[in-house]
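The structure appears below as structure tokens.
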Amino acid sequence: MALNQETRDKLRQVSTATLATALYKRGFRTQFIQDVTPLRPLAESMVGEAFTLRYMPAREDLNRLEVFRDRAHPQRKAVEECPPGAVMVMDSRKDPRAASAGSILVTRLQVRGVAGVVTDGGFRDALEIGGLNIPAFHSRPSAPTNLTLHQAIDINVPIGCGDAPVFPGDVIVGDNDGVIVIPAHLADEIAEEATEMTAYEDFVTERVQGGQSILGLYPMTDESNQPLFKEWRAKKRR
Amino acid sequence: MALNQETRDKLRQVSTATLATALYKRGFRTQFIQDVTPLRPLAESMVGEAFTLRYMPAREDLNRLEVFRDRAHPQRKAVEECPPGAVMVMDSRKDPRAASAGSILVTRLQVRGVAGVVTDGGFRDALEIGGLNIPAFHSRPSAPTNLTLHQAIDINVPIGCGDAPVFPGDVIVGDNDGVIVIPAHLADEIAEEATEMTAYEDFVTERVQGGQSILGLYPMTDESNQPLFKEWRAKKRR
Amino acid sequence: MALNQETRDKLRQVSTATLATALYKRGFRTQFIQDVTPLRPLAESMVGEAFTLRYMPAREDLNRLEVFRDRAHPQRKAVEECPPGAVMVMDSRKDPRAASAGSILVTRLQVRGVAGVVTDGGFRDALEIGGLNIPAFHSRPSAPTNLTLHQAIDINVPIGCGDAPVFPGDVIVGDNDGVIVIPAHLADEIAEEATEMTAYEDFVTERVQGGQSILGLYPMTDESNQPLFKEWRAKKRR
Amino acid sequence: MALNQETRDKLRQVSTATLATALYKRGFRTQFIQDVTPLRPLAESMVGEAFTLRYMPAREDLNRLEVFRDRAHPQRKAVEECPPGAVMVMDSRKDPRAASAGSILVTRLQVRGVAGVVTDGGFRDALEIGGLNIPAFHSRPSAPTNLTLHQAIDINVPIGCGDAPVFPGDVIVGDNDGVIVIPAHLADEIAEEATEMTAYEDFVTERVQGGQSILGLYPMTDESNQPLFKEWRAKKRR
Amino acid sequence: MALNQETRDKLRQVSTATLATALYKRGFRTQFIQDVTPLRPLAESMVGEAFTLRYMPAREDLNRLEVFRDRAHPQRKAVEECPPGAVMVMDSRKDPRAASAGSILVTRLQVRGVAGVVTDGGFRDALEIGGLNIPAFHSRPSAPTNLTLHQAIDINVPIGCGDAPVFPGDVIVGDNDGVIVIPAHLADEIAEEATEMTAYEDFVTERVQGGQSILGLYPMTDESNQPLFKEWRAKKRR
Amino acid sequence: MALNQETRDKLRQVSTATLATALYKRGFRTQFIQDVTPLRPLAESMVGEAFTLRYMPAREDLNRLEVFRDRAHPQRKAVEECPPGAVMVMDSRKDPRAASAGSILVTRLQVRGVAGVVTDGGFRDALEIGGLNIPAFHSRPSAPTNLTLHQAIDINVPIGCGDAPVFPGDVIVGDNDGVIVIPAHLADEIAEEATEMTAYEDFVTERVQGGQSILGLYPMTDESNQPLFKEWRAKKRR
């Protein structure tokens, strides 16, 4: 169930807050990845299908620096295999005491056309990564090499990230509030609904800025707002 | 015991650090709201009387999206009733896993002339809120709707916020270090004392920048600093 | 074992991430000070020998405001005695609920030529400190006076800071990822090795930006990269 | 909607685990009070309607020892007013650093016929309380007087306890796993359903002890278990 | 590399403390599963090869009660497939807010001859499990069904448990201090060395009980203790 | 200011709860060592003067097993030098992930007549230590050798333990609620006052068990209780 371009385009224009509400309506309460933040403010939302990397706690004898000489090392392999347009999501067990990755790997992801990268741990070279043209989300900067605490063990399996469930192929959306996970089979309908919701929220924001009370307006329980909204949509062509 | 304009004006010009010390002298150790930060840097301190909102953990059957259709819902009611010039302080039980509020409600607060808003949880639409002309403080951004974890239950009762006690009418001051709670009956004298302390601290800062040691100066145990300070005040008209 | 100027200069040009890896090679896994962040982004790395201050929990009767009238109070004494070029490192027991220091003391450190200041607690007047010409690292801003929770008790003894061991004279390096502690006897060799590593990493970054895969390049297992790197170094004079 | 005796009797014979599952079926996920434990092992479940006490953070000037001389102090008042057969549930903001109550108050509750007492903080005199004939649940022992950190502020309002929502009149059940909150309007049907579930679980336990696989049995997807269960119930008169 | 009977027998007689030291000598620092405790005191150590179960965060639509009707559900499948003599180790992401399993499943494990069960979350029916004839370790009791927060996703893959790395086939040893993970290839030599260490520690304990100083004795730097130890071993036939 | 025998005897008969209140009256709020528990229930309170050991984070190259061959190693030295009748208090930085000590060292302390041992980390061989005739308090059992995370660095300096300030010579009292620190200069008066308070509390407990309300009795605001108490004391010879 590939992410189609129309849905991708819609999701770029909606917020994780709006998506969270759309998911909440359907009974989803834990799809927001807790406690991650973008390395620099984003102008539009990051969107892509999840490609996952699972870390487990590092055992000392299996995590000497030499392991990276192995081209099949899962961390390096994942960086080369993550599809363009996908978002790499790392399960670092919410432990930012060692890095999940650094600027060279994230640069490689950017060059390969990957849509973004998320860890519930931390990145090293955080300032450099913030300067790259690829959205990146983490918990806090962390200089120690991942080998110190994290062993990459599985590529593209279901994982947890920031207490959210992430299945490969789920649609990941990130903005300045953080990152949310849309179950793959709901991406199209959620994108559509969130687009509609966003239109109404933008209308509401304008009305509130103009002095209108939220009562009756947000949510719309006073039907007299309906023609005003209709007119606004017509004017805004939304 | 309303906050008078003179005290409000003084408090805008002093820091939470200075206020914390003035409170400490009187035996208050827990008036600083722990672990909240402004959504954008502030040029002058936020000041206002506390108007509180208490959240309790959300029970699923009582927190469907439809609840907001009720105009008496405490969260929405609080937003419409918080007095201009007051600071809305939310007890979110230090849990930022779901939002305490979002940009539409905070916009409404701004339009209504509310002086600021504080939660020990998180706001959604944090970037947008940071762009509004109202100081806002939280723990971290959080996209999920408050219904996910928080049920608004009481308006303007005594609460805890970031481990600080907050009584309705207490005077709330916030700056780039965070937010502090001044017991209502002490606001005038604390404002006066902090203003005096700030004058001396500014004098000290200039002296230290000029190369003077802190010994004897901060605090002033060497009385030879007294005439210098007096002269400085005269020159600065403070 | 004083920090020589050549080593100091080298360390200014390398990242804590690279240093962490060089230390990891030698079996050091806990030298990174966890969960501290600079008060403003740094253009080059902070470098200096550790001069330490140990705080213990404050007992109320020993921490009235009057204690600062004593010129021998360890916090004030430390500020006046920390050598120029050193980095003051404070063991605040990872507790940012009260300040480790404020802008006046840090200004004094700056004027005295101290190279930087680090606490695993928090600073008050954080915005002002961020504006000073001295790197400062903490966990989060904190307005309450240190007396509220912290009693300065020892100067220049071995301490823990952010779970890292710090001995007086260890070489402290800080950048935008955080702060790392180099055991004094290893400073020269680590600085040299990190300089070499940085040259290679910069070469790799350029190659990756140009489209080369990390496989065989990072680390260099494909020897065909060797002459390219040699040529790059010659061109860059590194 | 008073708790009737039949429901009370049924609930004494079922576990919080079984109740949690019955609630889960109806969409309740957060009714278990997290991280509280009985002060001594219980032979049968504690059952009673919730009577609540809300603590807020203590402000020093309002919490001198003398406050207990006031007969209207909410903590003391609550102890005298909690109805026989009810369970007193205290919102201590999950903070066991100071006591929620001690053995004298809990003795008074026992003598008054109160069915149990729960705090998400800690009790002082924990060994003595464990020896009383009233079930008590807390997070960990805590010697400091509640005044140190907790100010009793409200009696019988909706509260949070261990991240669970508790409304006055909800039915509280506690056993060796901890404490669960049954919404008042569901108590009868949950008690009935849990009694049925317990019968089946006891049957399953016997079968598993006798060597039967859980597959097909737990849950019963192999209908051949139905007559065996029927026979077992007849024999056990359940 | 199966666990042979001789090694199993040796490991039953040594403590996790002694094993931790033997592993520390070989550079292993993170093999102790943090923050788990046996549900009742053990008379001899639990020993077995690791058979693992990985949980991820539960997504609501995939974790309705009906999922257990599927005989291939990984949790139920794991319980039926865990080999006799093995220890089932569950990665519950250190989250005890919902159960990892309950007494029926653990009874089934006992009947099937499984050597023990460990989770870094919590068990429901903890008192009942403590009464079974199978060692069980967890963080704290937890009544909610695992479906509330945990979805069983993988059987017998490498996992983390309490921050320790666990590979299928590693040798798991548990006693009253907790649980430790011996890398499979080291089990025989560690068992042998720990047996020798235990003999010396028991000798030391006797000597210390008799009044001897630990200096020179523990560790043995005073060679005059050698013949005493030799004699003791002869007498004790160890 | 040595602890005299009379004070020691009194303190053995009072609870940490009562002592906490006596200290609270004098403005002390942080003398209770947070989150430590005795390894087995105590029949009478542990009492002794504090003899401290400070741990810092372990640096790998300084903490090989061989370090214990040095008779001057601070941990071993402290065990041999702690005076009989004193309580050894260890600052383990609230980190129980590695042991603060094990059964051999604690046995040595017992044999040497030390009055007790406290760590805000964990002990290994916890069951064995619980069986010794010396009170021991910790956070939780921990098998890994202290070298894994803790380096003993200072003997008998002021420390923090469980967030409480501990000065050498302070009087340490422990019971089943935990451990409290009495500033040395207050030990006699606190012991005397707590003894009086205990008499009244025991009287109150009897009265409450007999059915009297706490109002007017606890605290005594109804003077009619005075003669009853006087009579009770006479009868009990207290």
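By written order: A, B, C, D, E and F. Residues from 1 in each chain.
By definition in this document, contacts are C-beta pairs under 8 Å (C-beta built on N, C-alpha and C of every residue); 3 or more make two chains touch, one makes a residue touch a chain.
Heads up on the chains, UniProt names are A, B, C, D, E, F = Ribonuclease activity regulator RraA.
Predicted model, so just to flag it, every value in this text is computed and none were measured.
Annotation of subunit B and subunit F: jointly contacted by C, D, touch as defined at the top. Of all chains, the one whose CA centroid is most distant from that of subunit E is B.
Because subunit A and subunit B share one sequence, their contact can be compared position by position; here under half of the interface residue numbers appear on both sides.
For subunit A, the chain with the farthest CA centroid is F. Here the CA centre of subunit D is 31 Å from the CA centre of subunit E. Mean C-alpha position of subunit C lies 37 Å from that of subunit F. Shared contact sites, meaning residues of subunit B that touch two or more other chains, fall at 29.
Pairs of chains meeting the touch criterion are A-B, A-C, A-E, B-C, B-D, C-F, D-E, D-F, E-F. Considering their complex, residues 65, 68-69, 71, 76, 79-80, 97, 99, 102-105, 107-108, 111, 124-127, 140-145, 147-148 of subunit D touch subunit F.
Against subunit A, in their complex, subunit C makes its touches with residues 15-17, 19-21, 24-25, 29, 32, 34-35, 37, 41, 175-178, 180, 201, 204-205, 208-209, 211, 213-216, 218-219, 221.
Residue ranges of subunit B in contact with subunit D, taken from their complex: 27-31, 56-62, 93, 151, 153-154, 157-160, 163-165, 167, 183.
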